[in-house]
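Both complexes shown next keep subunit A, but they swap its partner, so subunit B is in the first and subunit C is in the second.
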Partner chain A sequence: MNDVIIAILRSGTPLVYVTLAGVIAQRAGVWNLGLEGLMIIGACATILGIMLTQSYAAAIVIAIAMCVIASVLSWFVIEKLKANPIIAGLGLTGLGIGGTALAVESIFGSQATVTAPFGAPKLGAAFGAYGVLSIFVAAMPFVVFALWLLLKRSRFGLQLSASGEHPFAARGVGIQPVRMRLIALSIGGILCAIGGAELATGSLQFFAQGMTAGRGFMAFAAVIFGAAHPIGATAAALFFAIAGALGIRAQLMFGDKVPHDLLQALPYLATVFGVWLSGKLGGAKTAGSFGELKDQ
Partner chain B sequence: MSIHSPPALACRDVTVRYGDVTALSDVSVAFEPGLIHAVVGQNGAGKTTFARVASGLVQPTNGAVEIAGQVIRTGHVRESRAAGVELVHQSFALPPSFTVAEAMEFGAPGRGRLYSRKGLAEKWRAHLAGLDIQVDFSKRIRDLPVETQQSIEIARALITDARVLILDEPTAVLSPVGIEMLFARVRRLKQRGVTVILILHKIREVLGIADTITVLRGGRRVEGPVLAADISADHLATLIVGDAVKGHKPGDRDALVGNGGAHADVPSGHQRYASLAPALVLSAVSTVPDSEGAPLDKVSLSIRPGEIVGIAGVEGNGQKTLVRAIADLAGLSAGTIALGGEDITRKSLAARRAAGLRIIPFERNIEGLSLTSSLWENWSARELLQGPLLRLVNPARIRALCDGSLKKWGVHYHTSSQRAGSLSGGNAQKVILAREIDDDAKLIIAAQPTRGLDIGATAFVWESLRAARDKGAAILLISSDLDELFDISDRVVVMLSGRVAGAFAAPYDIQSVGAAMTGAGAAATGTQR
Partner chain C sequence: MKDRAIAILRSLIFVSFSLILCAVVFQFAGYNAPQMLTAVVDGAFLRPGAVEQSLRWALPLFITAVGVGISFRAGFFNIGAQGQFYVGAIAAAFAAEALRGGPAFIVIPLIFLAGMTGGALWALWPGLLKLRSGTDEVITTLMGNFLAGLLLVYVTSGPLKDPSGSGQQASSRPLDAAYRISNSLGLSPTIIGIAIVVGILMWLLVNRTSFGVLASLAGRNGTMVRWQGAKLWQLGLSSFVISGALAGLAGTIEFMGPNGRIASGFLPTHGFTAILIALVANLSVVGTAAAAIFFGGLASAALYLPIMAGLPAAAIDIINAAIALFITARSNLVEKFLRLGRRSS
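Now for the complex of A and B:
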C-alpha cells in the first residue's frame, strides 16, 4: 500500500504545483496554456543549475528566476502586445520545449538526457518508508493551504478574481487588472519552477528532452476540472495522479491481457473525463470567457 | 450651505478624445455641495464620459478636475475615491460570482486582513443596515434582482463615506416603483450631506428629483447648472434634443426625452388587417429552466398583422426567454406556438424564418452583426442561410443588391466591404433593419431596438417599425423604456417572473403599468393575471 501512495505523491506533487500556477492565472483571467512550457523550463533549469553551481538551493533560485522571466515575458505579450492569451500560452509552451532542447544540445552536444550528481533533498529516515520523498512533497499541503488563504480569504484574492471576472469592475474601484495579472503570472512562475524541479529531481535526477510529456496540459485540465478553486483543482490533479498510478499497477497485473498502451493512456482518459464532468456540472463557468480579456 | 464653500466637484475645460471622436469638448461645470444635481442629455451627449472623468476612470485629453476645492490627478480612480468621489455604473460593475459581502470587501480602502465568510458578513452588516438594505450576505450578485444589485452597488460606493456620489443612468433598469424607491434613497443621502450627481435622460425624472440641471449635447455643456425651478420642461426638451428631430411627430419628441404624460393616441394601422388571422399565437407556453434567464410560465400572447405589441417589464423577467422561445432557442415544456396560422412549435429556426419570422436581437454587436465581417456579408446573411449549403454565391451581385438596400435605408457608409464594426450604433442598427424588415416579414421581433442610440436614430427606428406595421407585419417590441413602449405600441403586455402580469391598451397609465411590473396591485388595476 505504501508504495502506491508514494507513487501517487511522486507523480502528483509536480502536477499539483503546476496546477496551482494555473489556478492563480485563471482567477486573474488568463487561460494559461503555457504551463507545460514553464514546467519544462523549471525542470531543465534545475538540472543545469545543479551542474553549474553544485548547490541545490542555487539551482532552485535559478529555476525560479528563469520561470518568472518566462512568465513575465508571456504577460508582456498578452497585456502590452495584446496577443490572445491562449495563443501566447501555446507559444510559451513551444518556447519551453524547444528552448530547453536547444540549451541541452548546445551545452552537452547531442545528449538526450542530462544526469545531475544529486537530486532534491529528501525527507530522510525519520519518515520511514516515506523518507525517499522530497521536501517539496511535504511542503505541498502547506502551499495549497497558503494559496487557499491568499485566493479565498484575503482581499488580494478578491481583487484578483475581480480582475479576471469583471476587469471593468476592478478598474472602477481603482484596481489595475494589468498589474494583478503580472503578480498572478509571476507567482505562477515560481510554482511552475518548483513543479519542474520536483519532476526532474524529486525522485529522479536527470533532465530528458520533452520529459514533461503533457503534464502541464494535464494541470490545466485540473484547473478547469476544479473550477479554478485551489483545493478543488488540487484534488483534480491528485485524481489524475491516482489514475496514473493505477494505470501502472494495472500494467503490472494485467499487462499480458490488456494492451499496455491502453493502460498508459489512463491518466489522459481521466483528464478528458474530468473536463467533460466539469462542463456537465458547470464548474468551468467561473472561469470566464474563452481567453478574451473583456473590458468596457 | 454657504455660497462661498468650494464646489463639491468642478471640471475645468475638460476635453476627451478617442481617436477622431471627441466625446467631451471644453466642458466646465461646478456643482454646489449638498444638493442633488442632474446631468441630462441624449445618448452620445457625453454624459457617461463626464462621469468617468470625474471618477478617474477616463483620463481626459486635457482639463482639470477639482474635488472640494482640491485639484486632483486625473485618470486615477484611487485618487478620486480618496478625495470622496464614487461612481455607480450604468451596467452594474460587480463581479457576478461574488457574494454580497465579497462585493463590499473587494473595493474597500486600506489593507484587508485575512477574513472568514462569517467575519466578512459581520463586518458589512451594519453598513448595509444603515442604508436600509436587507439582503442575504451569502447570496451571489448574479442571483439578485436588478433593484437589489443596484442597492448593493450604491452601498459599495458608500463604504468610503463618499462626499460626491455619481449615479450613471440609474433609472434605466428600474420599474416606476423602483425609481421612486431609488429617489427616496437619494433624498436620504442628500440629508446626510452627500452631494449626488444623477446622470439621466428623462425630463420627467429630472424634474422630479433634481435641485439643479446641467444639459450636455454633442459633448458640450449647453446649459447649467441652473436651478430646476427656473427651467421649463419644454425648454429643457429643446436643449436636450437640439435640431435632431425637427419634422417628427410631437408625441415622438416627448417620448424621446421622457417628457410624456398622456400620450397622443396611436394612429391605428391595424384596423385594416383586423379580420386576418393572428400573425403570432403563443398558447400557454412554458419553457424548460436553463441558465440563461427566467423560464416562461404559461405565457399566452396573440398578435394580429398590422399591430405593434409592446412587452414591458423589469429586465430579467423572461423577456429574453420569450424571444428565445419564439426563435426555437429555448426548450418548450408545454404549449404551442403558431406563426401566420401555422403551428411551428416543432419547426427549426430556419423554417420559422422562412415562414416570415424576423428578429432585431437584444445584442446588436453580438447577435445582430458580425462586427469583423463586411457589411454585405452581414446584410445578405438572412437570405443566404435560407438557401442550400453548397449554393454558389455571386458576391458582386450581392454587393450591388446590398448597396441598393443600404442606400434605401439611409445607412452612412463608405463601401459595402467595410467591417460592420466600423459603423456607429445608429448606422449598425439600420443595417440590421435593412436585413430584417422586408416584404415577406410576418412577425418582426424588435428587442431593445433603440438601446444606446441617439435621438435621431431612435426616431428612425420607430418610424421604420411603424412603416412595417402599416404594411401588415406584426411587431413584438421589447423595451425597458416605458416612454418608447407607450409611444409606438398598440397594446402593452407586462411580464413578471416569466408570466404575463397584465395587458394594457392606449392611452396608457404609467402608474398601473408600473404596478403590474412589480406585481404590486395587479388585481387593484383590474387587469387579468
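Now for the complex of A and C:
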C-alpha cells in the first residue's frame, strides 16, 4: 500500500504545482497553455543549475528565474502585443520543449539525457517509508492551502478574479487587470519551476528531452476539471495521478490484457465530461471568443 | 485590396521578425546564425530535390490548414487538427486492413472515404457539444488530440500491430504496394492532384457560395446572421465536419503515401503547424497555399540542418514556436506601424 501512495505522490506532486500555476492564471483570465513549456524549462534549468553551481538551492533559484522570465515574456506578448493567449501559450510550450533540447545540445554536444550528481533534498528517515519523498511533496499541502487563502480569502484573490472575469468593472474600482495578470503569471512561473524541479529531481535526477510528456496539458485539464478552484483543481490533479498510477500497476500485474490506454485516457475524458457538465449547469467559464482576454 | 496588402505585409513582418529573433538567439547559443539561415533556405528550396521534399511536407499541411481556416472563419476555435489527422489515418488503416486483397480502383477510394469520415467524426463530437450544450470547443478539441494520440498508441500496439515490428515504435502493418499513392519520398501526381482539387473546392466554398459568406459572417457576428434567417447550427456543424474531414484526408495521404503505415506518435506537430499556417495566411485559401509551402520548406530544412549547420532539428520547432508566439499579435503599435500613419480606430 505504501508504495502505491508513494508512486501517486511522486507523479502527482509535479502535476499539482503546475496545476496551481494554471489555476492562478485562469483566475486572472488567462488560459495558460504554456504550462507544459514552463514546466520543462523548470526541469531543465534545475538540472543544469545543479551541474553549474553544485548547490540545490541555487539551482532552484535559477529555475525559478528562468520560468518567471518566460512567464513575463508570455505576459508581454498577450498583454502588450495583444496576441491570442491560446496560440501564444502553445508557442511558449514549443519554445520550452525546443529550447531545452537546444540548450542541452549546445552545452553537451549531444541530445543524450543529462544526469545531475544529486537530486532534491529528501524527507529522511524520520518519515519511515515516506522518507524517500522530496521536500516538495511535504510542502505541497501547505502550498495548496496558501494558494487557497490567497485566492479565496484575500483582497488580492478577489481583485484577481475580478480582473479575470469583469476587467472593465475591476478597472472601474481602481484595480489594474494588466498588472494583476503580470503578478499571477509570475507566481505561476515560480510554481511551474518547482513542478519542473520536482519532476526532474524529486525521485529522478536527470533531464531528458521532452520529459514532461504532456503533463503540462494534463495540468491544464485539471484546472478546467477543477473549475479553477485551488482545492478542486488539486483534487483533479491527484485524481489524474491516481488513475495513472493504477494504470501502471494494472499493466505490471496483468500485462497487456487490461486496456491501460483507457486508464490513461481517463483524465481527458473526465475533463470533457466536466466541461460539458458545467456548461449544462450554466456555471461554465467558457473562452468566449477564442480565449481572448476579456478586456481586449 | 489595401486591407489584404496590409494583412500580407503583417504576416511577412511577423515571420521575418521571428526568424531574425531565432537567429539572434542561436548566435548567442554558440551557433553560426548566418550559416543556419542559408542552410534553411538551402534545405528548403535550393539543394537538389529540396523543392520536391518541401512539397512533400507542404501538401498534407496545406490540406489540414485549409480545414483549420474554415472552422476559424466560422468562429470556432477548433485546435483539434492533430487528433482529426490521427483518427483519419487510423480509420484509413482499418479500412485498408479490412479490404486487403481487393482491386485497387475500389479499395483506394474506400480508404480515402474511411479516412475522411474518421476525421470528420472526430470533429463532429466537439461540434455537437459546442452547438448543443455550449461546451467550449477549445477544451474538447484539445482533449480530443490527446485521446486520439492514445487511440493511435492502442491500435498500433493492439489491433493493427505489425508483429514483425522492431519494438522501438509500435506501428501498423505496411500498406500493400498496390494501394500506395506515392513512394516513400511522398510526392506523386495523385497527391498533387488531391491538393489542387481541395484548394479549388475550398476556395469556391469560401468565396463563391452563400455558405462561405454566411460562415465568415457568423464568425464575426453570430447574432446578426441568425437574425438574417441563416441556420447557425448547420453552418457551425458543417464547418467542424469539413475541417475534420480535411485533416482526416491529410492523415490518409500520409498513411497511403510517404509513410505507408501508421506508427504511434507519428508526425506529432502536424496539427500545430497547420494551425500556424492558417493563422499566417490570415485564413485565406490562397494565402494558406503560400504559407504551407513556407512551412513545408522549414520541415524539409529540419532534416538538413543537423548536417549543414550542426543545428539539431529542434531549431525548426523553435522557429515555429516563435512564429506562434507573435503571429496573433494585434497591438495598436503593430497596426499603427503597418498603416504607416493612417489613423486606426
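Note that in this section the second predicted complex is superposed on the first by the 261 of 296 C-alpha atoms of A that agree within 3 Å, B and C clash if a C-alpha of one lies under 4 Å from a C-alpha of the other, contacts with A are read in each partner's own complex, and residues count from 1 in each chain.
Heads up, the rule we're going with is that contacts are C-beta pairs under 8 Å (C-beta built on N, C-alpha and C of every residue); 3 or more make two chains touch, one makes a residue touch a chain.
As the structure is a prediction and not an experimental result, all values here were calculated from the model.
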item	value
Per-residue touch tally on subunit A - higher for subunit B or for subunit C	C
Contacts of A:Phe217 with subunit B and subunit C, given as first, second, both or neither	second
Partner chain in contact with A:Leu95 - subunit B first, subunit C second, else both or neither	second
Partner chain(s) touched by A:Ile175 [first = subunit B, second = subunit C, both, neither]	first
Which superposed partner A:Gln264 touches (first subunit B, second subunit C, both, neither)	second
First (subunit B), second (subunit C), both or neither touched by A:Glu105	second
Touching both subunit B and subunit C, residues of subunit A	286
Of all residues in subunit C, those that touch subunit A in their complex	26, 29-31, 75, 77, 79, 129, 133-136, 138-140, 142-144, 146-147, 150-151, 153-154, 157, 272, 275, 279, 311-312, 314-315, 317-318, 320-334
Interfacial residue positions of subunit B with respect to subunit A in the complex	55-57, 76-78, 81, 87, 89, 91, 93-98, 102, 105-108, 111-116, 156, 291
Residue ranges of subunit A touching subunit B (in the complex, touch as defined)	149, 153-156, 158-159, 161-162, 165-166, 168-175, 282, 286, 296
In the complex with subunit C, residue positions of subunit A that touch it	31, 33, 74, 77, 80-84, 86-88, 90-95, 97-99, 101-103, 105-106, 111, 209, 214, 217, 220-221, 224, 256, 259, 261, 264-265, 268-269, 271-272, 275-276, 279-280, 284, 286-287, 289-291
